[in-house]
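Take a look at the structures below.
Two complexes are shown next, each including chain A; its partner changes from chain B in the first to chain C in the second.
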Partner chain A sequence: MSKGVAITGMGIISAIGNNVAENYDALIQEKKGISRISKIDTIHKDAIMVGEIDTTNEQFFKQLNLPEDNNYGRSALLGVAAAKEAVAHANIKDIVKYSTGLISATSVGGMDMTEQYYYKYLEDESLQKYIEGHHAGDSTQKIAQELGIEKSLVTTISTACSSAANAILMGARLIKSGKLDRVVVGGTDCLSKFTINGFKTLMILSDTYNTPFDENRKGLNLGEAAAYLVLESDAVVKAENKKVLAYVKGYGNANDAFHQTASSENGDGATLAMEKALKVAGMEPRDIDYVNAHGTATGNNDLSEGRALIRVFGEDLPEFSSTKAYTGHTLAAAGAIEAVYSVLALQHNIIFPNLNFNSQMKEFHITPQTQLKQKELHTVLSNSLGFGGNCSTLIFSKEA
Partner chain B sequence: MKKVYIQGAGSISSQKTFDNSEFLDEISVYNDTVISVVNPNYKEYIPPAAARRMAKGIKMGVVASRIAMQEANVEQVDAIITGTGMGCVVDSEKFVSAIIDNNEEFLTPTSFIQSTHNTVGGQIALGMGCKGYNFTYVHASNSFESALLDAKMQLELGEASSILVGGVDELGAHTIKIHRLIDHIKENAVTPATLLDSKSSGSVFSEGANFFVLGNALSERCYAEVVSVEMYNTLPLENLEETVEAFLKDNNLSTEEIDVVVMGNNGDVAYDNYYNHISSALFSETQHVYYKHLCGEFNTASSFGMWLGAKILKTQQIPEIVKLNETKASAIKHILLYNQYRGENHSLSLLKKC
Partner chain C sequence: MSSNHYIQAFVHIKNETVSLHGNTLLAAPKTDFSTFSKTAYKELGTKYPKFFKMDRLSKLAFLAADVLLKNDKDPQENTAIVLSNRASSLDTDMKHQNTIADAANYYPSPAVFVYTLPNICIGEISIKHKLFSENSFFIFDRFNANYLFDYAESLLKTKKASKVLCGWVEVDAGNYEAFLYLVSDTGAIKHTIKEITRLYKL
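Then we have the complex of A and B:
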């Protein structure tokens, strides 16, 4: 059993940067990564904005030294890029020295290839290599292979928009219980016509920059991204004399049990998830210094999450902001993206602004932090809420 | 650490397994390469209007979990943990083909919503108003084992006392079509009796849902104790023997103490050698049991293997139809389950008589 769950490495690729340093620079320079879509030919291209990563699949093949005839979809490419950065950042030279697992999250999986070749598979044999890449576990298997994780606990979580938070949650539990010494956790999702059209039919895509917690919010921007964290036990940290970036201190998952896609009006699930995470962390709401909210900028999410925040913290809650205005909503990856941002916030004692905010929401009086702010931070709470009523909260701390 | 027992089970499979008072009494024989489930009367469990809207995977999952909960005599659980390789794949197919066929126009959200992998777990929670922990694992042939491991950890550490855990997958027409192209499905029809001797590549594709109520409380109703679950993303054939031995050693058992080995042979000539290898190298005197000739192959087929192992321990009976060899197994105390799919995502699970 390990008391602490140490974060010793991070990797990220998103619309605001190809690594941790670039993401941090964009966050503090308030540079958002939202644009018109360029890599997917969709009829909605003039009606939506997205958080797209510049690197093309072909550029990734070179960057990651993949053979020409690989069957990687874009989620796997993003995932490998970010996971490799995390492992290098944790200064891991020999990954099999300790029992090391991988818990990855995805919702899109290999859908980007499936939607291109769905019927073409039947005629063109050269495309059939992508058939095996469709299922969600495939990108995870590829990441494990590229990291050299063998004969080990490798699995995939898909709980819609809370997926990566749940991968971190499960990883933390595996370290705490002593089942693993080390685990790489996170998530990856690329953009796809499938998700663009899916969210379009739900009428929750904004035609302009997303504006979390704003009275006049028009919906979300989809984004693509991947992020991974290396979690290690106290024993490994000690034996390897590891530098600890932060700790996973608390975690909670609960179900809204309200509606398949909508959150309950009062945020029952989110409230429960935050309460559980505080309990695991042994903390009171007043111990939280900053909340990185899920804040997708849909009418439903921000109202429900805001009410849940008030239920947990009262009207006097710590600074909160959503970073989705920077990256877009990166679905199954979002929890890991925001975990990296939470750790960066702790490391630099800085609160990232909730961009694009103009008008106070009518339903309550809480207002997101809209300016970059220096503040001594000890703890950050991060929410991830998804379809299926799936609500997750993680608490990161400087101290074990 | 607290012990974990299987308190109730619900199985919907290509055999008539939804009635817990039976144990493979009648076998439904096929001569095919793709098989469907023997449907229970869903209307007994779900209002007809709701059932019509539900994807098959949701229906199977909801009803299998209802059966398991009835048997365990519980109305609520602390957590719901689902394993599914593909989720509601029919809805995924519907939405993708609609995007292509209509050039992204005239789409409706229903199939997109249902295609989300955690729909089955979410719908089960919604149906019973369960606000507890709700996870969905989607890792190919280890989807169910991931769910099982998660549940077992929570119960052992006292984080929950009753958890619904299951595996569910449904068949999709296009998925079948394209998996025929890459020989994951057998070219020629087989029967349950000829599956293992087919000497051809691929397996018989299928679907099903097997749900279990796991908990700390031991009662007469319990099937078995879940002692251990381990997963291996890769496992070369040459490391298989030592890995199984190490697994048993971790559980303070020798190969001789295993009374029955439940194996996931699916008749694929390229991959059944894993099963043949451990049965001859480690368990030559042990009773070998298989099941994919009855339930077919799907990402969570190993949840049917767990149902079978649990049922054998509870009844102390081994139906002739699942026996791969003849031994004089008397009292059955320990059952080892081994599964892999196409040489990847191996699992070892250990059940014990309770």
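Then we have the complex of A and C:
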């Protein structure tokens, strides 16, 4: 039974950078990745803003050495790019030397190709290859193949916006219980009409830059991204003399028992998730040095999450901020994106600002951290709250 | 796997009849599920207006769970829910498909769409009874007492739950059948695969 769950590698691609270093630079230079949409031809293009990655699918084919006739959708492309960076960063030369799994989260899967070609499938045989790529598990399988672990424990989690947090949670449990020595965990989601139209119908897309925890917030910006972390057991860390970036110290997942889509007004699920994570970590609220909030900038989330923060932390609430103003809400990838940012915060002892904040919410008195701040950090708590009340919290720490 | 747990209570809903522990609570005249579910809602005193927006599978699971949970003298917040069936949410999937099949009359309804997953019925039970607990929905070829037994025992033995609401809820092509049972520390019937199978067949 392994006690520590060490993070030994990270990879990320988002609207603010193609790798960990670029993401960190953008975070500290306060450069957002939000713009008008360019890669999807949608009737909503003038009504929404998104966090889009510049690289085209064709550029990814070259970068990843994929054959011309591949059937990759964009989620799989982003996923492979980020997962490969994570494995390289962890300095893994022989991935099958230890039993290594992959838990990947996605909500879009191959929907981007399905929505482009659905009506052509019956007539155009050359497009039928994308049917196989539609389901969520296909992107995971492609990543596993590219990493050379397709015969290992490979699975997909799709629990809306808490998906990647749950992938990390499940990976951490597999390491703790000794089922795996090493596991690549994270998530990937590309932009698609499916998500744009779905969120548009829910009337929670902002027509301008998203403003987390602001009284006048107008909703979220969707973003595309992928991020993966390499988790390793104490035994592997010791045997390979690995440099540990941080530890997954606590995790909690709870059901909000409120509504199929909305979060409860008082943040019941988020409160439970944070309490469970603190319990697993053996920590008190005052032990947390920074909270990377889910903070999607929707009316419902920020009120519900803010109330949950007050319920859990009371007077002990440390600095908190949402990084969604940088990247947009990257859905199933969000928990992994923010896990990478939480580890970067720990490594550099820095709190990333909650951009675009202007007016205090009137329902409560807590205010996000709006300036970049140096602070000695030992622990970061990160929330990922999903539709349907699937709420997850992760706690990262410098020390085991 | 041996068990120190008991089947505290069980309910059947089929053939226009609701029975608790094998005793008939309600026997309605032969009719379709929509009419029967309205009768059952009224006769069982279910006061919960959200009931009427649910799909058939959720209505069935909800009614059965409500009978069990409201008669439970020792309700536990940490009651897990493990349900199963054969047809998943096909009944509602087809209803949804019919709203998008005709390009000239294309109108998908979000109110229908949200029910195109079988585990939504677990959500409806959780929302009504404020259960923030573990839950899962499995699709099997037929009623699978072994699997439900193992799953419930594991939840109880690892202290993930203090009670487990288990069973079968099926709505398919006009047919419906629910058999739910509550596993806990107390009761008259031992929690065994044999007993689960016997009660299911009642």
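In this section, the second predicted complex is superposed on the first by the 397 of 400 C-alpha atoms of A that agree within 3 Å, B and C clash if a C-alpha of one lies under 4 Å from a C-alpha of the other, contacts with A are read in each partner's own complex, and residues count from 1 in each chain.
Note that contacts are C-beta pairs under 8 Å (C-beta built on N, C-alpha and C of every residue); 3 or more make two chains touch, one makes a residue touch a chain.
Just so you know, these numbers come straight off a predicted model, no measurement behind them.
Overlaying the two complexes via chain A brings chain B and chain C into a clash. In the superposition on chain A, contact of A:Ala325 is made with neither chain B nor chain C.
Within the superposed three-chain model, A:Gly269 lies in touch with chain B and with chain C [touch as defined at top].
By the touch criterion defined above, A:Ala345 reaches neither chain B nor chain C. By the touch criterion defined above, A:Arg173 lies against chain B but remains apart from chain C after alignment on the C-alpha atoms of chain A.
Put chain B and chain C next to each other and count what each touches on chain A; the higher total goes to B. When the two structures are aligned on the shared chain, A:Ile12 is found in touch with neither chain B nor chain C.
Once the two complexes are laid over each other on the shared chain, residue contacts for A:Thr201 go to chain B and to chain C alike.
In the superposed model, A:Leu147 lies in contact with neither chain B nor chain C. In the superposition on chain A, A:Leu77 makes contact with neither chain B nor chain C. Once both structures are placed on chain A, chain A residues 201, 254-261, 268-269, 272, 388-389 are touched by chain B and, in the other complex, by chain C. Residues 42-44, 102, 106-107, 109, 111, 114-115, 118-119, 121-122, 125, 128, 131-132, 135-138, 140-141, 144-145, 149-160, 166, 170, 173-174, 177, 179, 193-194, 197-198, 200-202, 253-261, 268-269, 272, 386-390 of chain A are the ones that touch chain B when the two sit in their complex. Interface of chain C with chain A (complex): residues 110, 114, 120, 123, 126-127, 130-133, 135.
Interface residues of chain B facing chain A in the complex, by the touch rule stated above, are 80, 85-87, 92, 95-97, 99-100, 103-105, 107-109, 112-113, 115-119, 121-123, 125-126, 129-140, 142-143, 146, 149-150, 153, 156-157, 174, 177-179, 181-182, 230-235, 239, 243, 299, 344-345. Within the complex formed with chain C, the chain A residues making contact are 201, 254-261, 268-269, 272, 388-389.
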